[in-house]
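Please find the structures below.
In the two complexes that follow, chain A is the common piece, with chain B as its partner first and chain C second.
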Partner chain A sequence: MDKNFAARRRRDLIIAAVLAGLAALAPLFIKDVYVQNILILTLMYAALSQSWNILSGYCGQISLGHALYFGIGAYTTELLFTKFGVLPWFGMLGGGVIAALIAMGLGYPFFRLRGHYFVIATIVIAEIGLLLFQNWEWAGAAMGITIPIRGDSWLKFQFLRTKLPYFYFALALCCLAWFVTWWLEDSKWGFWWRAVKDNPEAAESLGVVVFNSKMGAAAVSAFLVAIGGAFYAQFLAYIDPESVMGFQFSLLMALPAVLGGIGTLWGPVLGAAILIPMTELTRSYIGGSGRGVDLIVYGALIVAISLALPRGLVSLFSRAKPKGATR
Partner chain B sequence: MGLLYGLIAVGLALIFGLMDVVNFAHGEFLMIAMYASFFLFAFFAIDPLLSAPLVAAALFVFGAVVYLLVVRFAMRAKANAGMVQIFSTFGLAIVMRGLAQFFFTPDYRSIPQSWLGGKTVSIAGIFLPEPQLIGALVSILAFAGLYFFINRTDFGRALEATREDPGAVALVGIDKNRVFALGWGLGAALVGLAGAIMAVFFYIYPDVGASFALIAYVTVALGGFGSVFGAFAGGIIVGLVEAVTALVLPPSLKSVGIYAVYLLVVFIRPRGLFGSM
Partner chain C sequence: MTALLETRGVWQRFGGLVANSDVSISVGRGEIVGLIGPNGAGKSTLFNLIAGVLPPTQGSIWFDGEDVTHMPAAERCQRGVGRTFQVVKSFETMTVVDNVIVGARVRNTVMREARRKAHEVLEFTGLAGRADVLASDLVPAEKRRLEVARAPATEPKLLLLDEVLTGLTPTEAQTGVALVRKVRDAGITVLMVEHVMEIVMPLVDRAIVLDLGKVLVEGKPADVVRDPKVISAYLGDRHAVGA
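Right, the complex of A and B next:
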């Protein structure tokens, strides 16, 4: 079984490398800006969902407040850039660090809570963040921040004429999030997290410091999500509290992982690859009427998938393969 | 206002707290109830106060159907039961919003005049708006009724037993699905009652539920899962906190107080005020 595990991990890495290579070549064939846009969003949601999955999937601490970290990443970057002229790259890292610190600070009281109490607490804290930003004059309040456009430059990470740099950054972020997950899966942290998820008392008795391992998961997860937030802000060149910190965003981040397979390596990528194009296409093809047909279709699909495949879409793949290879 | 929150929350307390099922479509139940009340008024000129029982009955059927069509299967999920419940009901909420947009259009609607709208009563020199007063009265009655129902009737006991151990309950001849379908119906009927009263003094539009749903979750959790009295107390606390916060902070921040109080309470008592789970 050990051997199988190692073989599976090697196989995962190879598949990921091939997929990433193919994705990197995609813009050569896909010139349509609209399609490129969908690809960028898909990659971004895959990355976000992968990061969310670390805390909520592997460690089992269901957070529906990750929009808070996303918003912090976006706001840190843009406030530093527009008010102090700090380059977005530093802002991005700064936002990640701040988000990780906040996640740990919040983890202190939060991780004592269990089940619904924890989930509601995460929703509530993100909602507080949202309301504070909506009322914070210096940060643009509810109007948000428009990022001044100063022409294409990697230094300032903004591009008007082409979407390709955003595409490659999103791809890199997605690969990073995937690789971090892949790497952590086999580290002692990965084993701790799964133990904490399955049975915290038993884990504690075997010497896992439950609290610290939750904190670790929260920090990594928040850091990566904040980087995603910084990217999103640069990509849109405009942010406002509702669009980067709203509750909907927390759900959108969780959805690909849940539909793809929560707590699995491939779930978030698979979920995002199906869900995001579907969302965008239904929105643009049948959403135009403004009568909510897109919502009906979208919602019905979510209900159908989550009921039919509680383990997520990845379970379709593992069933097809011999049992030994998946264990 | 607190008692109204309580009334929205009590339906949720029944579903969320007593049956331990997450219902992310609760706000949409409220929305449907408000529309039902609106259309009964618009087409048949039935005052919302009179139509409230009708709306509640309609919602009862609706809630039971939702349980039988969706939630029953979500509860059967072998893996990730919690997430399946969250996202299947969330998907349902999106569908309901879409349907509302489709059939009722996204326009804001309101009930322009009713027996209660805009009237005030003076009690010992304090002027109180009549609709809110009736709302408060109805919610106290609803709470008392539910409390009696859960704690004193066979059905209430069956409900609690089914949550505790569905297997054992089946052995003594209780049909789990029937009990839970009735429970969902009842929960929805209560929110229907809330919706009918709220239709009098709130605008009605497809997304109206979302703004109340979160407050309802917080109310139930604040009071503690598994406790009807907790939800009642939670509702009153939430209403008071909101009023006080609105005095101290700008009105747009009034919810912050509610959220902060929730966090404070669960940090001190991780099971909410009167929770048993």
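Right, the complex of A and C next:
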């Protein structure tokens, strides 16, 4: 019993290590820049969705405003870099810390809201953030910020001639987000979060401090998403409010997890591996017509998967025993 | 030795409705105390005040020599108050053992220890065979048992049981009674709310009868069931005459 559990945890870790190893070798065979680009975005969204999953999947506080933290990561990094010459690495960490603090500051009033009301609040707050940045002259307002080109360097995390460094960073971030989830899953926090999601009142009676659980989940989730935002800004070398804080990012963080299996360890990675290439491919192969066929196909696929597998794609690999089974 | 739990002149008003008026009860260490009374007597309200779901309008609650009147539920659990819910509140997306681990973690900060403790509790409550099943896949009687397994996993000094024996078949109820005795023998004080007198009376050391928000009678179960005031509260005045 106990051994089963430990063995399962170890197996997850081994599978992850093997997958990460294979992914690290991928650029040896994939030289096409367009495909590399898709791989980078897939890894980035897998990482983002994994981070979103901590607050919304494990702790059950559905957020559709994580674009805010993504944007804060991007803006903190680029404002510090362009205005004060601070290296992006520090900006990235700073952005993460600021996003975590803002998440907790917002959590203080909004974690009192339940269900749909909480979701609405997250959407509204992210929209307010977007409007603020669109009108903030010092931060470039709607024009955004162009990141000055200083030549390829790891120090400035800037590469023009190759996409490989971005690929490896995205892979590392994805591994980090996965590992943090794996590690937290069998910790006090992991159990607190799932208990809070399922039944806050019962959780409270078993010594779970519900409010603190939500705050912890929000902070970890926002921190990791902001790191992703900082990465994306460096990757694009240009940011404006809409391209790092638009509502679509909130959706693109939520969808892979929901499709893959919300509140599961592997759901976000699996969901992103299918969803993101699908998004890019439908857009480039059937999106040019201007009639929105790509969006129709894309939407239909999402509806089909969620109807067929309401618990997400991971339920295909589910080790949960059938009803009534005993040990 | 002082009582483990004491309520001192506790009042609870919901708008114009007085659910508890001037309730003072005490529960000694190692006792099994039954809190009984007809529907609407204020049992559940008092129970929730003791568990820390809400603070009383007036009066104070003392646990283990400490004023806990305004202490939140989670903190009371850490001090040693465990509770079950009348309507079962399982963590549906978690397995049975994970449900219990949430409780076991209160006294076992190392996860491996908490997991071992949880398996122990499942063994104790006869749910060991269902450890890896999702709580949502349990049948109602098993869910009730899980509810009763989860609270002792927090290793409380006082266990509050809210109608855990109500609505069970006679055989299931007997298993439940045996389980409550086992819990007490493990050194845990028990305060149980029950609606049905026949089940609790043989089990408890002392019974407290609430009616219309007040303590009506308190004493040994055998005396309480013969008390005319109790009979009248349950059955109406006519039946109390000549009792």
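Just so it is clear, the second predicted complex is superposed on the first by the 317 of 327 C-alpha atoms of A that agree within 3 Å, B and C clash if a C-alpha of one lies under 4 Å from a C-alpha of the other, contacts with A are read in each partner's own complex, and residues count from 1 in each chain.
The working rule: a residue touches a chain if its C-beta (ideal position, glycine included) is under 8 Å from a C-beta of that chain, and two chains touch if they have at least 3 such contacts.
Not measured: the values here are computed from a predicted model.
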Partner contacting more residues of chain A (chain B vs chain C): B
Partner chain in contact with A:L22 - chain B first, chain C second, else both or neither: neither
First, second, both or neither for A:L259, with chain B first and chain C second: first
Touching partner for A:I302 - first (chain B), second (chain C), both, neither: first
Which superposed partner A:S205 touches (first chain B, second chain C, both, neither): second
Common ground on chain A, meaning residues reached by chain C in one complex and by chain B in the other: none
For the chain A and chain B complex, residues of the former touching the latter: 62, 64, 109, 112-117, 120-121, 123-125, 127-128, 131-132, 134-135, 247, 251, 254-255, 258-259, 262, 290-304, 306-307, 310-311
Parts of chain A lying in touch with chain C, wherever the complex brings them together: 1-2, 4-5, 186-188, 191-192, 194-195, 197-199, 201-210, 263, 320-321, 323-327
Partner chain A, residues of chain C touching it in the complex: 51, 53, 72-74, 77-78, 82-83, 85, 89-94, 97-98, 101-103, 105-106, 109, 111-112, 115-116, 119, 129-134, 137, 150-151, 154
Parts of chain B lying in touch with chain A, wherever the complex brings them together: 16, 22, 70, 73-74, 77-84, 86-88, 90-102, 105-106, 206, 214, 217-218, 221, 225, 250, 252-253, 255-256, 259-260, 262-263, 266-267, 270-272, 277
